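Both complexes below contain chain A, partnered by chain B and then by chain C.
Moving on, here comes the complex of A and B:
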């Protein structure tokens, strides 16, 4: 206890009422606690304040009353369609990533040397969405290696169109999202106590029964979190929707609408409104998923230490 | 277990490995296309370019003013790393060592910038920075990039600090060390591995951070990833090979740091923030 220094003790003995400093220290407020202040002030100034500023700004449109921006967003198909288009990209790609991640992670958890594999899978996260978009433009293009291979082995007669449409963006979301989803799923699966599986095995459950009755119920809350975190990433797709998709058509996602309002029409009020709607839409999905999570078993899945 | 299940098990395993290999092959092929294209003279309708050359690197270097872009990138990244360490580590220390009223609220405050994607808070943030006259300059880019990195450093550092025995610090106090000496001679050496890991991850993340830089950068404060985006966006104006040469330069910049980072960090920490600490 560094806080109970000699002078503080003396003061306690001398005075009837302990000094304020000691009272605060008892509640955990002392010099060390103050170290948190610079970071808190920074986040308030550059995260909380801009967010509230954006909220207020969105209620002060260039023309019309305070709800005009929001009314405009929900009355113009060009604008409100972006929500459905974004969902149509984000939900399937997140689901596909989770459906692939679970069986692969179930297998990888048995491996002793996971480091090389996990390292390879970390690559797309650090390469970033811009590089993945540029790479896929080359690779999936009509003359790219993928189409050449497909034609060579006779799967298709002419190159498949995979860029500048829905599939290009979808594939880029899978490539950039899978490593993240996989690593999260793997960390949840390795957190499940192996003795539970052994017990089930001893009692005669085969691999499939062990998965459905032991792993999946324990994994479901973790998968819900994984889904939310991956979904939030895919929902804000921007570079690949512009570069790989059809930014005026099927992949005109909500972040493109926000960007155009801010940097092409210089209507920051509208752009803030779209950003708020975007935040609200993804929050809605996250809340729904987390509410569904409450239906599953919640409790210790690891050993006694948790 | 009967023989039938054993066979279906084996088929299942094979299918899963085939899936993983399929993913990795496509990933490498994607990166490979960029690399090969940047080294080829002309590549139209064949498996490989007709001849190989390195001239695109020179032309990319001149066309995109990469020397200036690289200097800006490293200045931004360096400032972000130093500042997020300076702001984040003390805060993490306080959060790891003290229980105080409102601690849950503070923790939530630090979680939010990581949960809300950069596009959503980037636009209001850029608007505020424009009003303050900071956007379009290097300081605006640095400030915007600090928003997700400071909480990231805090969340990575808390478990590292918690595992250091507080009695070590108490012992140093007993022997008469002041706060400054305690920090320099006791805490810093103990925290160094954790700080190195956290800051290397911040470095890799900042090089790859597109959205926040894109919203706040002006013509003279573009980082490599934003310059790459503009090059791809305006493709057709310039030779595809020199864009890919730039992409390779970008890739090498991230990969070098990633490989250094992976010597100190478990790859899963890149996403789960030291969650697996006990599972290892």
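Moving on, here comes the complex of A and C:
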């Protein structure tokens, strides 16, 4: 072996160093990374820019200082009540949907003809809120078959009021939100290794104990995500609140307030402020739910390595 | 009350069958197991051994037949009321519970007092040498440790019957040998009855008091490891027990506990294991018993050889292209002609009807 002089050694070390391209590739940066660009542009154009535009717009009110819109919102009950009204619709309907989805999905997971039933259960997702609203108006209205039947069999003397109030909107949110909640829940439930349930049963756990000790803890993080996603959808309820509810009263949700500001008072700045407040209200709930999710085990729901 | 909470004398499978659609996974399997026995269910994949175990555990309903624990019929009880401990092939540890919680789960379901649960869990941890790992989650353990947690979880409820479904198949070779000894040690120290499913005849031979060989959902042979190794009742069983040479042959003479057959142009003496009609027969010889020797009757040309440390194993072809598996203490090279033979007591002869 020959000895290398200092400069030759340095040159050799430099030559031995992997090329920059390789170093970048090892960190996950290579030509393929460029494929992410369209998505980034898309997000900037459709999310970041409108958000920042709206934020700036909301801080430039027609009259008053830069916080005037926000101050107005939180000083007028007509406006700030919409948050509570929207929550009062979105939280219970999301919760009800999850409470229905879990038992249904627990049953469906055992069925061999899953696909047919799943298709039927998911069908409402294709209908759209307006069609659901029209359907419910017909079925649940004072002259709908539900009230006719109830009157006919003498259960009630006069038709029950189920539309143009809180319950109409609530029901339509449940109907339109169920497929989404159910599909997510089903995929979380089927993701739990069946042998875990079998192991629990050989250890003496009956169906109830298996649900509480095995399924629910493993399902909780998934249900939290499901809750967040469904909640965000229902929080922005608009068509059914107008068509099936009392848009001037109990179902005057926050999106109606934003709509009125924008297209009835032509106060885009105020509308933007309302949209911002709406976003932060959603964010608050989502953050709370995700924080609670952190209390649960979140690893894979298979049987460890297997 | 849980069926198995008391000591039993005998577990009895009575013509147990299980169909999946038109496929019979188990056909009329009958078996008696005494308390304290270690039984291995042995067979190739798809032979129905795991189905049998799941039927015993109550995870699969039977199509026909019954399972009895002494005088009590248990095959219609759900798994949670049978009280058998089961070790799953993938361990099925609860990923969200610590090792202690996993092991204590069965006791908790039985509603035992807290102090008793804690004590028994510690004892079980010590039994499987995992006291240090009690607070970890299963995901933080190695495969061998997970496997021991699974065993501890199954035996801590002191089940009269422990069911194990290929528990060693996910481990590497060295760990498998260690855990094999461990499983036998635990079986002896707990005094439980164990039914162990495996496709590995070494595992079955080394662990079990009795082996049940299954094939196509039917019991082919039940016997001690010695019985099965020395006198497999059927060519299928022989094949599984390492008799790699299964040769078609013609019976030329039989009687007095020996028989002579023609194989590949040579004449061999052997032990008939069935009544042989004149004519076709199947000869079974282990590769280790078929060696080159002076005056060996079978002339064959070496095709491949494999060095195994102490000796050489290889394949050779006879003049009529029959492939033979043999052993040689001397180095052999492909192309060489050998004169192979085996002791008459190591040559098993089956009637061709059992093929």
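Operating definition for what follows: the second predicted complex is superposed on the first by the 268 of 306 C-alpha atoms of A that agree within 3 Å, B and C clash if a C-alpha of one lies under 4 Å from a C-alpha of the other, contacts with A are read in each partner's own complex, and residues count from 1 in each chain.
By our rule, a contact is a pair of C-beta atoms (placed from the backbone, for glycine too) under 8 Å apart; a residue touches a chain by one contact, two chains touch by 3 or more.
Bear in mind the structure is a predicted one, so any value in this text is a computation, not a measurement.
Peer 1: Of the partners chain B and chain C, which touch A:49 in the superposed model: first, second, both, neither?
Peer 2: Touch status of A:49: first partner only.
Peer 1: Given the touch rule stated above, what does A:265 touch, chain B (first), chain C (second), both, or neither?
Peer 2: neither
Peer 1: Taking the superposition on A as described, I'd like to know which of chain B and chain C A:218 touches: first, second, both or neither.
Peer 2: After superposition on chain A, A:218 lies in contact with chain C alone.
Peer 1: Decide which partner touches more residues of chain A, taking chain B and chain C as the two options.
Peer 2: In the superposed model, B touches more residues of chain A.
Peer 1: With both complexes overlaid on chain A, does A:206 touch chain B (first), chain C (second), both or neither?
Peer 2: both
Peer 1: After the superposition on A, what does A:198 contact: first (chain B), second (chain C), both or neither?
Peer 2: It touches chain C, and chain B stays clear.
Peer 1: In the superposed arrangement, does A:26 touch chain B (first), chain C (second), both or neither?
Peer 2: neither
Peer 1: Just checking: does A:296 make contact with chain B only, chain C only, both, or neither of them? Give me first, second, both or neither.
Peer 2: Touch status of A:296: second partner only.
Peer 1: Have a look at where A:123 lands relative to chain B and chain C in the superposition and call it first, second, both or neither.
Peer 2: first
Peer 1: Common interface residues of chain A with chain B and chain C?
Peer 2: 206, 302, 305
Peer 1: Please output the residues of chain B touching chain A within their complex, sorted ascending.
Peer 2: For this pair, the touching residues of chain B are 1, 5, 9, 12-13, 16-17, 19-20, 23-24, 26-27, 29-34, 37, 44-45, 47, 87-88, 90-91, 93-95, 97-101, 103, 106, 109-110, 112-113, 115-121, 123-128, 130, 143-144, 146-147, 150-151, 154, 169-170, 173, 179, 204-205, 207-211, 215, 225, 228-229, 232-233, 240, 243-244, 247, 250-251, 254-255, 258, 262, 267-268, 270-272, 275-276, 278-279.
Peer 1: Report the residues of chain A in contact with chain B in the complex, numbered from low to high.
Peer 2: The contact residues of chain A facing chain B are 1-2, 27-36, 38-40, 42-44, 46-51, 53-55, 57, 100, 103-104, 107, 115, 117-139, 143-146, 148, 175, 178, 180, 183-184, 186-187, 190-191, 206-207, 229, 232-233, 235-236, 238-239, 242-243, 255, 258-259, 262, 268, 271-272, 274-275, 278-279, 282, 302, 305.
Peer 1: Please name which positions on chain C make contact with chain A in the complex.
Peer 2: 2, 57-59, 78-86, 88, 90-96, 105-106, 109-110, 137-139, 141, 143, 146, 153-154, 157, 163, 170
Peer 1: Spell out the residues on chain A that touch chain C in their complex, using ranges where they run on.
Peer 2: 193, 195-196, 198-206, 209, 213-214, 217-218, 296-297, 299-306
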